[in-house]
Amino acid sequence: MITMNHYLILSGILFAIGLVGVVRRKNLLMLFFATEIMLNAANIAFAAVSSYYHDLTGQMFAFFIIAVAASEVAVGLGLLILLYKKYGTINIDDFTIMKG
Amino acid sequence: MLAPISVNMASLNFITLSPMLIAIAGALGILIIDLVKKDLDKTLYVILTILVLFIDMGATLGLTLNERGFFDVVMIDGVTILGELLIVIASMLFIPLALTSKRFHEYSYPEYFALFLFMIAGFQFMVASDNLIMIFVGLETASLALYTMIALHNTVGSHEAAIKYFTMGALAAGFFVMGAAIIYAVTGSVELYDIAKVLQERIGEPGMMVPIIGGAMMLMVAIGFKVSLFPFHTWTPDVYEGAASPMAGYMSIVPKIAMMVVAIRVLGMYIDLGVETVRNVVIAMAVITMTLSNMMALVQNDVKRMLAYSSISHAGFVMAAIALDTTKANSSIFLYYTLFLFTNLGAFALLWVSRHKDKTHHVRYHHPYVKFAGMIHIEPVAAVIMAIFMLSLTGVPPFSLFWGKLYVISATVDAGYIWLAVIMGLNSAIAAYYYLKLIVYMFLMPAADQARTVYNNRSLALEIVIGIAVFATVASIFYVQPLMHYITYLIGASGY
Amino acid sequence: MEKYVYIALFAPLVGSLFAALFSQRPKALITGVVTSTLLFVSFVASVILLNHVSQVGAVHVTMMDWIQAGDMSIPFGFNIDQVTAVMMTVVTLVSTVVHVYSNGYMDHDKGFNRFFSYLSAFVFSMMVLVMSDNFLGLFIGWEGVGVCSWLLIGFWYHKADVTRDVNPSISPSWAANEAFIMNRVADLGMLVGIFLIYWNIGSLQYADVFAAVPSMDHGMLVTIGIFLFIGAMGKSAQFPLHTWLADAMEGPTPVSALIHAATMVTAGVYLVIRANPLYSAIPEVSYFIAVLGTFVAIFAASMALVNRDLKRIIAYSTLSQLGYMFAAAGLGAYWVALFHLAAHAFFKALLFLGAGNVMHAMDDELDIFKMGGLKKAMRWTYLYMGLASLALAGIWPLAGFFSKDTILEVAFNEHTYGIWLILWFTAGLTAFYSFRQVFLTFTGDERYKPLGFHPHEVPKYVLWAMSPLALLAVIFGWYKDEFVAFITHFLPTYEMSEHTEHFVVILTVVTTAIALSGIVFAWFRYSKGLKRSAKVEQSLPYRILSNQYYIPILYENVFSKPYAALSHAFWEEIDQQVVDATVDGIATAIKDGGDSSRKIQTGNLSDYLKLMSGGALVLVALVLFAAMQN
Amino acid sequence: MNDILSVLIFFPLIAGILGLVVSEKSIRTYGISVAAVEFILSLWMWFVYDPANAGMQFVKRIAVIPDFGISYYVGVDGISLFIVIMATLMTLIGIIALSVKKDLKNMILTLLFLEVAMVGVFVSLDAVIFYLFWEFSLVPMLYIIGAWGGEKRLYAAVKFFLYTFAGSLIMLVGMLYVAYVYQSVTGSWSFALTDWYSLVLPISVQKWLFWAFFLGFAIKVPMFPFHTWLPYAHGQAPTVGSVILAAVLLKMGTYGFVRFSLPMFPDASVMYITPVAILALIMIVYTAMVAYAQKDMKQVIAYSSVSHMGVIILGIFAMNAEGISGSVFFMLSHGIVSGALFLLVGVIYDRRHTKLMSEFGGLASVMPNYALIFGVMLMASVGLPLTMGFVGEYLSLAGFFKISPVMTAIGGTSIIFGAVYMLSLYKRSFFGPVTHEANKVLKDLDAKELTALIPLVAIVIWLGVYPKPVLQPIDNSVKALVSFMHEKAQTPEAKNTIVVSKRTKEAQ
């Protein structure tokens, strides 16, 4: 029998994975994926909790997150393409002009 | 078996939404105009935007206190009105800066102005709701627009800035939703007033502290990111440097105000609940932020970057007030930001005026200190104005920000945090050094070469904006009283 | 009578200011004349007051308020009683003579006008000192004479510094500063005394203070007495604050005559006499004063024995005579002290002026070894100086005899035979060194010839100017009884005991005997001319004496040099290396903090993300930890 | 009539702003005439001032930020009256003696703005307004030092600004706390001093407030060990800068002690007499010795200021009318005398462009008038009776003698050490033969310099011989202050230490 805790734990794990990804990855694309994973971790949590409370708010939140995530990807990919076209790389180590 | 949904238009109470709606409508309008007729001049769009903002401001002023609307998601209280007003005013000062004599091509896209209005709508949603969903949506709308506008400046710097800001923003968003999720899990609600109620009951339960505070901290990360608190501030200097000066100035004010409002609501809730840990964390972060960024600002060679760090430290300064969570403290926040708005925007505008297409004085920086050397001999008026802004930022009376500091420190003292007040004082003293540095360069140093070209981006619009800023900075002593009165009234009325 | 008070007081000031008007101009005889006349006026006024005091009694006038703060209220008030009257007369008389004399002496000096301005200013300050009716008023004069002496010692300020062996008082300006600073040391003591008086009695008026003395705690009186006397020691150059007086001889000779012999240096004695109610209430302090005075008497005399400098010899004798005065005052015989003060003023001034004549004749040469046989050239000066020296030696019937003899009687009368013995012996020394000087200067072979000097007597009127002093040096003593009758209206009388009366003749004989023997010895030793023996001059005692017991060098090494060294240490080591360095250190520390913390800003996004996530984790962890606590 | 103070404050401000249109070549006349008018106005204020009335006069109070109790609140009493007059006088003298060629216009306008701040500080009775002027005075000074100073001017100027700024911010926290206490006691906000005086603070609060204010004032005075900015500021500043700085700006600190610390924290003030006095003694002795070690004339006088300020501090903490009146009078005399001395150093600097004593010697022979005036000021500075310097020094020491004879004796050494460094300065640069060729042709004081200096000499003599017209109003106000402190004091030791003069007792 899968209780809510399982879902929450899963979401926690996903969040952790996402976080690790954010920290480890140098490739912008991978970074975006990592952040998406974190958002989805939240989605799972929301969905689970909302069903536990029999309350739709959580699912609503989840939908909004999905929508936002989508638009984020849109903007993000836009930027990414721009960068790739201009500088031919999407490795974040190559964007370190401004420091100090 | 869902119950049929019947929405009563009256209960929607669209009037509460009017500011955002106006902004959105304006944005759409601009896009349509662009569809209808191509290659219109930016001046048209600028003026249109200003007009829209005027209407927006009218609508904001028309709002009635303590109302809810739109499925009770939108909440109009004093903080909301103040937040929206500040956002609009700042925007109105910002947008004329597009009318430069030099051609910067981001302003030639009508989309730029549309995005701008969307962003304003987003921020207004943020401040106008106590619903985590709404806050989140507003935040993201605004941010996404902002990223794009930064990128539109279309220099190497701006691209790098955009990507940095974007990625970290995404991460912050992740933390925000996760925090929201935890809170939701604990309380089964995303409405702050509900959450407060539930927490009130459950706070005593064993082991309940962990999720409560955990959630709070997750949100804290998101807030910290937007208002740039250590250690989430790292993007700020880079993004400011990369973005166009007016945009940098704008970013140092509007997003922060919006997020401050959210912080007042969210953190205020926790502090009211007596969760001292949250307060202590906020104070700790505030202190570290202002001290550290002050120290970093000391060693900058670029005025713009210095101002970036300085605005970080100002944010920390104000953040400390949030932790106090007294009416006076909350009022002082808005007073401070109102005064800070004019001074800081003025300073950045002045940098904008002195912007070169090519980096004449430094391989990387647009505004190194040396560029301003001996300005008193070349552009005395501009030098004096800049000096006034710097002195105001330092907190030298009678210039505007002195009164802000006075109120914030006074609020801190009243709340019994003498040591914090002392730290604030010492920090202002440290800060004095780097503001002074610019004055020293401008007044006490021999003139730099090609100094003639310092002012090549001037235009009437810019001069007007700067003029307004100067007036607001110098004449502050005369309007602080009514302003403070109004702010205190609004804050008090909505019980913060 | 008031107007005479003001005339006596302000005439010198007017003269000084008048002369000051010409200070930038070349020599104008008018200044000398006017100042001298005004001083004579002042002298006449003083005499009138003296007479009035003797007939009617003391005069008291209050001119105006000076300082009023809190309960302190100090007026410019003047009180002319017997002591004051005597002092005024002496001061104005000697000053008048010196002024007239200076007209001749300073004839060729380009600072002629300036000189008279200073000199009259000095007289004014001296008058304030003696006339004031309260301690702070006295302090005004006290400081005033100090400044004037600073100005006058350093009158030839343009001379450069030289080493000690060339000129023991390094340069006029150096000597002036030494005098001023040393006096300041004493003045601090005086000031403390004044504070003590104020806070214990609540007033600085002599009348109130001395009225309060009987009712006061004895310990406090002692403290006050000591501190006031410290002040007196400075002005009267008592050991250990004596070195400045000899160096002060750098000033023009009339100045030495007036300030450093007749008037200023006796201010200390005046103070003790003035405060006699206080000092007679504290015998232990008085006894100390007497002992110190006795010591200084012989101490200074001993230095005079071997010195070769005409003026310094006289300076040391002044010192020694001041010792006598303090001894008398300390033993409670205040009028005797005052009597000797007056007598000494006359013959010592005369002596100095005579020395001035000699200097003039010898082109400012002061070494008596280079003189000799001057009596042919300058008969009158010889006479004057002989007289003065006889008076100084205390030979009947000259003034010195009466005054000094009485002091010895007093010493005997007090059963302080030690003091008596020393003073008695010193009388002999005095006689010896003063006649050693006289003979070396005026008799014997003419050692100046080979050195190419052409001595000549000074103008007649200068000699006439000196004559009053000569006269007084002779006759002043004859009026001892009148003086006593007059002064004891104010000062306590001093009666010799039966036992002393019985011995008085013997005492006189003994004293005169040693004085005469001193003269005779000097005659045999020096009248035939200078016989120097290297053996003597190499002997340790001789060298000690000729180097003033090495005290100036000692002071230089114990005070001046360490002070300078310490000052530099404070400045370079502490002020710059510690205090200021700390301030700058804090600043740099903050700056370095900035430099190191800006490293956070690597510019690399992934580092930022690491920091951000790390921060988040820290927050959560820290907070969970905090949550666990409660 | 009550607006005289407002006129005094705002006249130079307006004149300064209008001055922008005056042309460069006639600006000096403009500056002189404005300063003269201001000075005459202040004299007129003295004329109409009622010396018998010890309280505040010409009081004017206009609410500026009523919600926060901030009001434009000005007034003078005997303590501040003469400092104001001195401020206007020294500004006038400074402008007359002005010898800068570069940017003369900026200099004069800056001086006028500085005058606004100076007058404002001493007449404002509202803490915030006081603080406003206090802080604002830094800006023109920064500019004067930084723009017309010597080679290390930037360092000196910034150090001066930051050091003072840091100190005063701590003071600001203290002020805000007092206001908060006032609010929690009376329920309404107020920064008015007269309201604050009525506040009886608990000892524990007084303690830390005392130090908070102390820091602000001590740095300004400047007290050891916060004095190191002063030598730089003086060493680098142009003549007029040093004159104003020494004459007026330093007095802000000591004035602050009298105006704030004593009446507001009587118990704490009494409690901390010893530590403060020890600092003062260090100032007196230590800095006097440092002054002796200097090679630069100006530095000698700069350090001598610190040493003299030590005596002033002693006088203030004497807690009796004698001492405090004395110290206030000493503020004036030190202002006049050190101002004059800086002017004099400026004179020689204009001629030879060096201030090193080793460069001079025998000046008395070539510049007799100069030597004469310098001598007078020197004597005043070493506290010679019948000069202005003596009265203040004597009274301050006499007052503190009541507290501690021993400390006073140590402090009294200032009359010795003062003589030491001043006379050695005079000897080294004025006496002896004229060694340096360039000095043989130096010309004596010219008309401009004489017009600047002679009034000061006159004042020094006049107030030395007859200080009553000035001392009496001061004394009246001080007596009132002391008896007020006495009533307000809570601890017995404070009651005993604060001595009300007999005359006051009789009056009551």
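Just so it is clear, A, B, C and D label the chains in written order, and each chain counts residues from 1 on its own.
Here is the rule we go by: a contact is a pair of C-beta atoms (placed from the backbone, for glycine too) under 8 Å apart; a residue touches a chain by one contact, two chains touch by 3 or more.
These numbers come from a predicted model, not from an experiment.
**Student:** C-D versus A-B: which has more C-beta pairs touching?
**Tutor:** Result: the pair with more contacts is C-D.
**Student:** Please indicate the chain closest to the centre of the assembly, with centres calculated from CA atoms only.
**Tutor:** That would be D.
**Student:** If every chain is reduced to the average of its C-alpha atoms, which one ends up farthest from chain A?
**Tutor:** So the farthest one, by centre of C-alpha atoms, is C.
**Student:** Just give me the whole-number Å value for how far the CA centre of chain A lies from that of chain D.
**Tutor:** 66
**Student:** How far is the middle of chain A from the middle of chain B, if each middle is the mean of its Cα atoms, in Å?
**Tutor:** 26
**Student:** If you average the CA atoms of chain C and of chain D, how far apart do the two points sit, in angstrom?
**Tutor:** Distance between chain centres: 37 Å.
**Student:** Need the CA-centroid distance for the pair chain B / chain C, whole Å please.
**Tutor:** 79
**Student:** If you look at chain C, which of its residues touch at least two other chains?
**Tutor:** Residue numbers touching two or more other chains: 587, 598, 601, 603, 605, 609, 613.
**Student:** Can you list the residues of chain A that touch 2 or more other chains?
**Tutor:** As it turns out, chain A has residues touching two or more other chains at 22, 31, 92, 95, 97-100.
**Student:** Show the residues in chain D shared as contacts by 2 or more other chains, in ascending order.
**Tutor:** Answer for chain D, listing residues that touch two or more other chains: 162.
**Student:** Write out all the pairs of touching chains, ordered by chain label.
**Tutor:** A-B, A-C, B-C, B-D, C-D
**Student:** Considering the complex alone, what residue numbers of chain C touch chain B?
**Tutor:** Going through chain C, the ones touching chain B are 587, 590-591, 593-595, 597-598, 600-601, 603, 605, 607-609, 611-616, 619-620, 622-624, 626-628, 630.
**Student:** Hey, which residues of chain D end up touching chain C in the complex?
**Tutor:** Per the touch definition, chain D meets chain C at residues 159, 162-163, 224-225, 227-229, 286, 289-290, 292-294, 320-323, 325-326, 329, 362, 364-365, 368-369, 372, 379, 384-386, 390-391, 394-395, 397-399, 401-402, 405, 408-409, 412-413, 415-416, 419-420, 423-424, 427, 430-434, 465-468, 471-472, 474-475, 478-479, 501-503.
**Student:** Would you pull the chain B residues touching chain D in the complex into a rising list?
**Tutor:** Contact set of chain B toward chain D: 391, 394, 396-398, 402, 406-407, 409-410, 413-414, 418, 421-422, 425-426, 428-429, 432-433, 436, 439-440, 443-445, 477, 480-481, 484-485, 488.
**Student:** Spell out the residues on chain B that touch chain C in their complex, using ranges where they run on.
**Tutor:** So the residues of chain B touching chain C come out as 163-164, 167-168, 171-172, 175, 209-210, 212-214, 216-218, 220-221, 224-225, 230-232, 234-235, 237-238, 277, 281, 292, 294-299, 430, 433.
**Student:** Okay, in this complex, where on chain B does chain A touch?
**Tutor:** Residues in contact with chain A: 132-133, 136-137, 140, 144, 147-148, 151, 156-157, 159-164, 166-167, 170-171, 173-175, 177-178, 180-182, 184-185, 188-190, 237-238, 241-242, 300, 364.
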